[in-house]
Amino acid sequence: MPLIRFGVSIDKILLSKFDRFIKDKKYTNRSEAFRDLIRHELIQQQWKGCQEIAGAITLIYNHHKRELVNKLMDIQHDFGSNIISAQHIHLDHDNCLEIIAVKGNPKQAQLLADSLKSVKGVKHGTLSMSTTGRGII
Amino acid sequence: MPLIRFGVSIDKILLSKFDRFIKDKKYTNRSEAFRDLIRHELIQQQWKGCQEIAGAITLIYNHHKRELVNKLMDIQHDFGSNIISAQHIHLDHDNCLEIIAVKGNPKQAQLLADSLKSVKGVKHGTLSMSTTGRGII
Amino acid sequence: MPLIRFGVSIDKILLSKFDRFIKDKKYTNRSEAFRDLIRHELIQQQWKGCQEIAGAITLIYNHHKRELVNKLMDIQHDFGSNIISAQHIHLDHDNCLEIIAVKGNPKQAQLLADSLKSVKGVKHGTLSMSTTGRGII
Amino acid sequence: MPLIRFGVSIDKILLSKFDRFIKDKKYTNRSEAFRDLIRHELIQQQWKGCQEIAGAITLIYNHHKRELVNKLMDIQHDFGSNIISAQHIHLDHDNCLEIIAVKGNPKQAQLLADSLKSVKGVKHGTLSMSTTGRGII
């Protein structure tokens, strides 16, 4: 892929903050950091549109709450076409970490995440909005 | 667990925005939404401190870039004690989605995520900061 | 599902061996053990035919062998339609356990397993022949 | 690793069957196939002894059977120290494929597999006996 080089003007204070961010985040140079910001923005756009996306939902819950476990399983089967697979980790005798790999329509994926996170008894839930990688260099 | 009920004063406009958010996110009532906000804040604190955390890192990359694949594998083995397991999904002939379940010290987990995301050729990376569930009701 | 009850005649010595097996394997009674034997036979038939199957491939290898890692990844992408997802575990600084969830045509799944297991440097590989559950009570 | 070469005498008919097996299994030569047979035998020995092992349990079940789902989850938490993580796949609206990565004492791992497989309602279960890779070249 040919690289194009161009100049960017940034306020001194803002740039020093950005350089600090680059250092903290282990980027090797500013260009790599900029490329990441652009990609991140493109992926946000994909999630607002109708393109196919990919992502991950994390859930933390106590598996001793029977009704909760069954409800989470039912919701996942209702959204079967949006789920690739789930990784289940028994953190301790009570707590489970479930990481669900999702794909497909962004609105459906968001609805699935919201439905799971709002089940009574789920301690914490997150949705990582990522991409299928297509159209992202 | 005994529930304690108390009053909250909120500006009318802010409350209507919050109610819209509650509806969008499928919460059944305001209390459940508030409990989630409090838990979310507690988890943010855990990630700033030294308590054990749990979470997930997502990565999107093209597996044809050999050097990239090997570098990601090396970094993961260097942080072996922070990784529970990884879920690998072959999205298409080129693109991979890798979801890494992490645990342990929050600073180490953050450093692992930053190290993986900054490898040249990774198209997108996210870190979901979650919790071991201990101390979170 | 209505249960049908019928008699079975078995040689005394064989039956005592079978009862020992039932006890070892934690079955609660002979009928449950027999049902499992019948299901197992049906699944073997599915793998010899053309019905859709499901299963798991396990691989143990040293990730420091670069060529090996890349070859395993290439083969998996070539058989993309037969792979649901893979679970990757960093057992120690050298050794990886990879568990690949497979589905589809049994001959393709067997060919995928054989192709992965025969890659030079793979220390051990297994194929668990299971079922999609359809048609199995 | 230095390779040692030695002769092996095998009955003609047996050898032709073995060569057919080698071809079917995609081995590139007899030595590689022999190495695999030796490794396989060593791993069987590990499972009969007290060395640490690794492996995978597969389960097929209908998630609509509530009692079953809860029982499988309870057993897994009871054997928490033997389980690394589990991969859960929603095969269709009814059937689930669960693949549990196990490690530790072989007797415990076998007991865990037997306990899960014998739960009433599990349609099929397998145990892949593998290795941590340590001591296996």
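Going by the order they are written in, the chains are A, B, C and D; count residues from 1 in each one.
To be clear about the criterion, a residue touches a chain if its C-beta (ideal position, glycine included) is under 8 Å from a C-beta of that chain, and two chains touch if they have at least 3 such contacts.
None of the values given here were measured: they were computed from a predicted structure.
Engineer: What is the size of the turn, to the nearest 5°, that moves the C-alpha atoms of chain A onto the matching ones in chain D?
Structural biologist: 180
Engineer: In whole angstrom, how far does the Cα centroid of chain B sit from the Cα centroid of chain C?
Structural biologist: 33
Engineer: Can you compute the centre-to-centre distance for chain C and chain D, using the mean CA position of each chain? Integer Å is fine.
Structural biologist: Using C-alpha averages as centres, the distance is 8 Å.
Engineer: Touching at least two other chains at once: which residues of chain C meet that condition?
Structural biologist: 84-85, 87, 89, 92, 94, 101
Engineer: Counting only chain pairs that touch, give me the topology of the graph as line, ring, star, complete or other.
Structural biologist: Drawn as a graph, the chains make a fully connected set, so complete.
Engineer: If we count contacts the way the header does, which residues on chain A are in touch with chain B in the complex?
Structural biologist: Against chain B, the touching part of chain A is residues 24-28, 32, 36, 39-40, 43, 54-56, 58, 60-62, 84-85, 87, 89, 91-92, 94-97, 99, 101, 103, 114-115, 117-118, 120, 123-124, 126, 128-134, 136-137.
Engineer: What part of chain D is in contact with chain A in the complex they form?
Structural biologist: Touching chain A from chain D are residues 63, 66, 69-70, 73-74, 76-77, 80, 83, 85-90, 92-94.
Engineer: In the complex formed with chain B, which residues of chain D make contact?
Structural biologist: My answer: residues 84-85, 87, 101.
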